[in-house]
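Quick one: the structure is below, questions incoming.
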Amino acid sequence: MTVAVVYFSEQGTTHQVAEAIADGVSQQSGQCQLLRVTDDQIVDGRFTSAHYIDTIDQCDAVIFGSPTYMGGPAAQFKAFCDASSDCWDNQSWSGKLAAGFTVGSNPSGDQLATLQYFSILAAQHGMLWVNLQMPSDHEQNSENKLNAQMGFAGVIPGDVISRSDRVGAASLGSRVAQLCKRYTAVN
Amino acid sequence: MTVAVVYFSEQGTTHQVAEAIADGVSQQSGQCQLLRVTDDQIVDGRFTSAHYIDTIDQCDAVIFGSPTYMGGPAAQFKAFCDASSDCWDNQSWSGKLAAGFTVGSNPSGDQLATLQYFSILAAQHGMLWVNLQMPSDHEQNSENKLNAQMGFAGVIPGDVISRSDRVGAASLGSRVAQLCKRYTAVN
Amino acid sequence: MTVAVVYFSEQGTTHQVAEAIADGVSQQSGQCQLLRVTDDQIVDGRFTSAHYIDTIDQCDAVIFGSPTYMGGPAAQFKAFCDASSDCWDNQSWSGKLAAGFTVGSNPSGDQLATLQYFSILAAQHGMLWVNLQMPSDHEQNSENKLNAQMGFAGVIPGDVISRSDRVGAASLGSRVAQLCKRYTAVN
Amino acid sequence: MTVAVVYFSEQGTTHQVAEAIADGVSQQSGQCQLLRVTDDQIVDGRFTSAHYIDTIDQCDAVIFGSPTYMGGPAAQFKAFCDASSDCWDNQSWSGKLAAGFTVGSNPSGDQLATLQYFSILAAQHGMLWVNLQMPSDHEQNSENKLNAQMGFAGVIPGDVISRSDRVGAASLGSRVAQLCKRYTAVN
């Protein structure tokens, strides 16, 4: 079972979250493909890496990730999303599992809006959106500070993610991988 | 495999859509529980039927439905949603499949906003949200006039749903039932 | 200049926020009408107070408020929203200022989703939506813990709002009143 | 009074809508600055035109526009939005009027989601969001096919916008200009 994590990270913080998610996938004996969108892949405002799209075509699940910039996903990540329109045309991602994560420097820098966009992207592709299960001790939940359930929403003011953020992100990867095991993509 | 369809219908139009969805579930040999929220179940603004909540607890999937009133689900349906908070406390719906449908009298009476709310409700419960697969002839798609993919969004100005709306709604029920067959709820 | 604050409060916390907002309106020499939706105004799931609707018709601005329940406004408040559909029919609220506030017990109990719904409600009515101005010291902003800018989003785990929440809510009332003074409703 | 229309247009359809909006501004004796985001302004995924940002700083209102791609604004337009973060830091756009428009090839290619994003962008900047007033003959409204009220949402399958789309777009420009006349930006 293979999970793609496709994401943009400007300075490396979102990249650390992606790595923690990959750890969670590995804990479930899943393969994880880390696909980081880079500036040089964007030419004249368009994402150009057919390799990323092809890799996702082969995966059972995709986890979308981006910092929240000005109330939504970074433009660099949106360029990837726009480039997935060919897959929309033939609905080739239909029935795959999808999930998302984002980070911001404020408690509510509109991270929910970024997760909502990811869920709309998944809707356009006919995917199944995986939400988080809130642990029973949710009120004191250091691993999910925002208590977002639509995905992992980190509040990371500095450059290094905390141990609790790492655990929270890993739990998203683990959950997606667990669900993949019990589920076979349907078209 | 059992699918609950919980919905509010003021004058019967949304009820007809719910029945078409049930037909789709039956086509996949699934059991369908039609749970219609009625005015007398709402006392002092609160939904009071423990039976509905208990029934959903036993189902593999839930499809939420409401007309779109003033840019969101009808208050009567929101009363049901609020009453599901006990299930949120113990995350007892986590891992179930969820989907949604709505109807409005205008092409974009903000039906998407109602579907987005349903997806947030599903997120709070840790469910998996089922999006539609768009048929390949999407540009001429009489069974999905709005081409919404987050759920079934009907445009029904009058009292009777058309044959194409019935087919579109049935395809949602059928898709959810198909996915249920291949999927076992995970907590 | 008159500002209506129409809101639902189950146990009084949201009511305290509404009172703080009224203080902010008064600081700008504005009149404030506090309109609290009560359970007995909801009969068979429908809001029945024509008086509230009529009062808002006479005001220059309206501030919508509700706790966030299950990812959206409380059903009791949604009943009020649904009852405003007559005003939508004749667009009698068009050009008025609108704003919103919500409270939840978790940092991100999807308060943004409630504020987004309020903004959609305002859109249906053709109103002008007032967003917050973020103070320059936003990173240490004790009066706006969530740093939401679409409205006031409180995180109030207990029964009594803090002094900083009171100040933050008052600033919303003050901002709406200030804008009212410079602005005459246009239809 | 000056209104900026900042937008992206791949093949010219959105550009035609922007021109119709400019006509509406002119009908109210307003100045209109058409600011079209072009591919060469995006270098390594980042928008680079300080001139656009400076021009908007001098305007009384801003109208955001983009085609809807994959359920949201085009990446090229999002790059502009991300570049406005300096203005967020000092809240220099606070109190300006804002509005939005989008076009898609399907009736509900999630155009509402694009308008919702624009309203969140406006929220981050502390602007006032202008919604449409629905004409009284809304059910037969050829100038607003989707009946969206959060902004102008066109359904334009081909390359040329229809006369009714042009009239609908002009009414957005006209409304924003009218409101500007009665309103002085407040910080």
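When the chains are written out, they are named A, B, C and D in that same order, and each has its own residue count from 1.
Note that in this section a residue touches a chain if its C-beta (ideal position, glycine included) is under 8 Å from a C-beta of that chain, and two chains touch if they have at least 3 such contacts.
Keep in mind that what you see is a predicted model, and the values were worked out from it rather than measured.
Novice: What is the size of the turn, to the nearest 5°, that moves the C-alpha atoms of subunit C onto the matching ones in subunit D?
Specialist: Going from subunit C to subunit D via C-alpha fit gives 180 degrees.
Novice: Roughly how far is subunit A from subunit B, going centre to centre by Cα mean, in whole Å?
Specialist: Once rounded, the distance between the two centres reads 26 Å.
Novice: Return the distance between the CA-based centres of subunit A and subunit C, expressed in whole Å.
Specialist: 33
Novice: Rounded to a whole Å, what is the gap between the Cα centroids of subunit B and subunit C?
Specialist: 29
Novice: Spell out, as numbers or ranges, the residues of subunit C touching 2 or more other chains.
Specialist: 88, 110, 113, 120, 123-124
Novice: Which of line, ring, star, complete and other names the graph you get from chains that touch?
Specialist: Per interface graph, the chains form a complete graph.
Novice: Going by the contact rule set out above, which residues of subunit D touch subunit B in the complex?
Specialist: Listed in rising order, the residues are 105-113, 138-139, 145-148, 153, 157.
Novice: Using the touch definition from the top, list the residues of subunit A that touch subunit D in their complex.
Specialist: It comes out as residues 39-40, 42, 44-47, 69-76, 78-79, 81-82, 84-85, 88, 110, 113, 117, 120-121, 123-124.
Novice: Residue numbers of subunit B touching subunit A in their complex, please.
Specialist: The contact residues of subunit B facing subunit A are 88, 90-91, 94-95, 97, 116, 119-120, 122-134, 136, 149-150, 178-179, 182-184, 186-187.
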